[in-house]
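You will see chain A twice below: alongside chain B first, and alongside chain C after that.
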Partner chain A sequence: MSFGLYIERQSPLHRLAPSVKLAALLAAGIGVFLVRDPLWLLPVLGMVGALWAVAQIPMRQAWRQLRPLAVLMLLFLLVHGWLTSWTLGFLVVLRFAILVLAAFLVTTTTRLSEMIETLERAMAPLTRFGVNPAKVSLALSLALRFIPLLYDRVREIREAQRARGRERSIVSIAVPLLVRTLRMANDLTEALEARGFDGTVTADAPKPPKPRR
Partner chain B sequence: MSTRDIVHIALFAAIVAALGVFPPIILPLVGVPITAQSLGVMLAGSVLGARRGGLAVLLFLALVAAGAPLLAGGRGGFGVFLGPSGGFLIGWPVAAFAIGWLVERTWQRLDLGRAFLANVLGGILVMYAFGVPWIAVAAEIPLATAFTGALGFVPGDLVKAGIAAVVAVTVKRAYPIIEAKTSA
Partner chain C sequence: MIEILNVSHRFGDRLVLDNITLTLGEKRIGVVGGNGSGKSTFARLLNALVVPSQGRVLIDGLDTRREAKAIRRKVGFVFQDPDAQIVMPLVEEDIAFGLKNLKLPKPVIAGKVNEVLDRYRLTHLRHQHTHTLSGGEKQLLALSSVLVMQPEYIVLDEPTTLLDLRNKRMMQKVLAGLDQRAVVISHDLDMLDGFDRVLVMHEGRIVADGPPKAAVPAYVRMMDGLE
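And then the complex of A and B:
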């Protein structure tokens, strides 16, 4: 899988099973909400930093994840400094920083395909409630397959609308994008059914083929 | 759920992703980015209806959680759910479902006004009902303060609800999906 936030390295963190990493993340997520003193969170942040070093992930990646939050973090700090206490402000900011960095570490050391497999396995108990794993897999792989295609399509439509001087109007891009994609959904459905995809129930009997355009 | 439904869900998840390529407009002062992506959430509900719309957005979020950098600005992974705007993301599928539910109820008489109302109720009211309490809890600020802060998003979201209504009504005319389902 070529796109994703995964960064290839040889490290113990990369070799760890995704489910273990997710469990650790969950534990950390609960842990940081139990701590009330920001001084206790500093060593935790240091530990996350150490794990980044172990995983050999460049530190500028950490900054790239935190930068979009910077304004909001500053706002939280100021609101707390003004309304409650600076201590609470630092607690909140440190907590978010730890969570976001730890979560990103899990993401960047796990391949997208491995993570999807793990998520699919985690959904297995839902079979009892009528969730069909074959359909979930189909939906996941179809979406992954068509995302790059639709990126290109948005670019195409924007260029076409630029020729009409309308590339800034979201409506004149969204409407053709939607109609063309929904039309493609029709062809795709027929192709799937023609190839005998039947993760479906019997209610979805094959329909007589329509003449192609 | 038919093969056609699965395909619609998957392709709409891809549409939500593709709408993330529009560069976000940062609101001055508040610093919150307004992206075309939450427009995709509104459209999922308005075009596919409650069930499929909600599932399409859920599928999109599953891919984001798994580490696909599909959120506007190329963000992804579990971190986005744990950050300050995590509650809004959790609210996305519910919002799409709510919009779809409202649109289905008024499908025969769907016009701009009704579509706009559905998107305001589902896309703003429901979404904020998830997003604002999460900020209040995670940042430990009073709910009222968090709510006041979130008001900065409202003008941008009203514009998006308007755009979603125009697109939904136009697409309904060109390619009605919800009707196709009820008649099948």
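And then the complex of A and C:
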């Protein structure tokens, strides 16, 4: 299962500072909502597609990220086409596609540790309001780490229930999943303790060695 | 030196460790016992993950009740299920996690991570997402993430239980080459062959203690007698 996580390449986008990428994503997020004509958004979508090529991420990969959301976008288009206008439908879908592809582009070209370092720096002023940037960034890391793991657990439980002939019972999946998730949370707490996490970390990331020629 | 002094531990009404007194100074110590014999709780005492209800645990003179942080720098802990221990999405980020908790400078972290990746032949996996690793690779990553902290002792809770034969042998080879003193909880009796000392646990007590040649047959006899 993929969630737009980092893909190693030697591209200019990979080398670009995470803060610049995140700022550009924010600007794109505001920008697409200022545009009201879908025709103007088509070249923007093309540009995002070109950036995927610059990042040396195959289009197949981009489509794989977008595919699960394609049904949702089609639904948006149909609902808007039926209730308001097709133009508005295309506008909404294009905005959505641009933002999703741009966001995935940022996550696939930026190491999580670098992203977290940037977010922690950005959140530093919030410490005076009681926000702990280290804990927020750890929560983000853990979410990215454990979502695929939980997905695997759901699949395992579903297979086990199917083998027992209980294919359509949500309760028979939800209860063991809850138990396993609670156990996993308990194990994780122990692991964090054992690995010395005390909620006061400032982000720091290892730099890979330069590629040998 | 690990000193366990009159240690008992209860979870609610259940007595899981019953008045254990031991001094552990050997380089390789194995702990065996049936399910529910208290092995995992015993292992967790050594890293201050469990503080005993009664008695004291001293690691080089440091009391686990008061010096948990210092003890966790001395004693690395490898869990049975590596998925419970790996906390970061990328291999290199997970190895760096503990070092970041020590607030080491960035170049020092990078150097140590590169060294461990190289030593345990994980360099080709450094950018890989941890959930895509095989069981053996995950266990090796879990061990590497602990070893990068350069602990003086390492406690492993059934490190080969979830592994196939090939990965089990690989893990045994890695363990045999460790410089650290190791306490290994295991059901794998072959693994204990080269160990200096084996403790046999039953119902929260140490019922046999000695070299593998004496302790392992005692364990097998005990398990046969329980059938």
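Just so it is clear, the second predicted complex is superposed on the first by the 125 of 213 C-alpha atoms of A that agree within 3 Å, B and C clash if a C-alpha of one lies under 4 Å from a C-alpha of the other, contacts with A are read in each partner's own complex, and residues count from 1 in each chain.
Everything that follows uses one rule, which is that a contact is a pair of C-beta atoms (placed from the backbone, for glycine too) under 8 Å apart; a residue touches a chain by one contact, two chains touch by 3 or more.
Values in this document were obtained by computation on a predicted structure and should not be read as measured data.
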Would you check which partner chain A:96 touches, where first means chain B only, second means chain C only, and both and neither mean what they say? first
Is it chain B or chain C that touches the larger share of residues in chain A? B
Contact-wise, after the overlay, does A:14 reach chain B, chain C, both or neither (first, second, both, neither)? neither
Look at A:79 in the shared chain and tell me whether it touches chain B only, chain C only, both, or neither; answer first, second, both or neither. first
Looking at the overlay, does A:193 come into contact with chain B only (first), chain C only (second), both, or neither? both
Both chain B and chain C touch chain A at residues 5-6, 111-112, 138, 142, 144, 149, 184, 188, 192-193, 197, 200, 203-204
Which part of chain C faces chain A closely enough to touch in the complex? 44, 47, 49, 69, 72-73, 76-77, 79, 81, 83-90, 92-93, 95-98, 100-107, 109-110, 113-114, 126-127, 129-131, 145-146, 149
Using the touch definition from the top, list the residues of chain B that touch chain A in their complex. 1-4, 6-15, 17-19, 21-22, 31, 33, 36, 39, 43, 47, 55, 59-60, 62-63, 65-70, 73, 75-79, 81-84, 138-142, 145, 149, 163, 166-167, 170-171, 174-175, 177
Complex interface listing, chain A residues touching chain B: 3-6, 22, 25, 29, 65, 68-69, 71-73, 75-76, 79-80, 83-84, 88, 91-92, 95-96, 99-104, 106-108, 110-112, 115-116, 119, 132, 135, 138-140, 142-144, 146-147, 149-151, 153-155, 170-171, 174-175, 177-179, 181-186, 188-189, 192-193, 197, 200, 203-204
Which part of chain A faces chain C closely enough to touch in the complex? 1, 5-6, 8, 111-113, 138, 141-142, 144-145, 148-149, 152, 184, 187-188, 190-198, 200-209
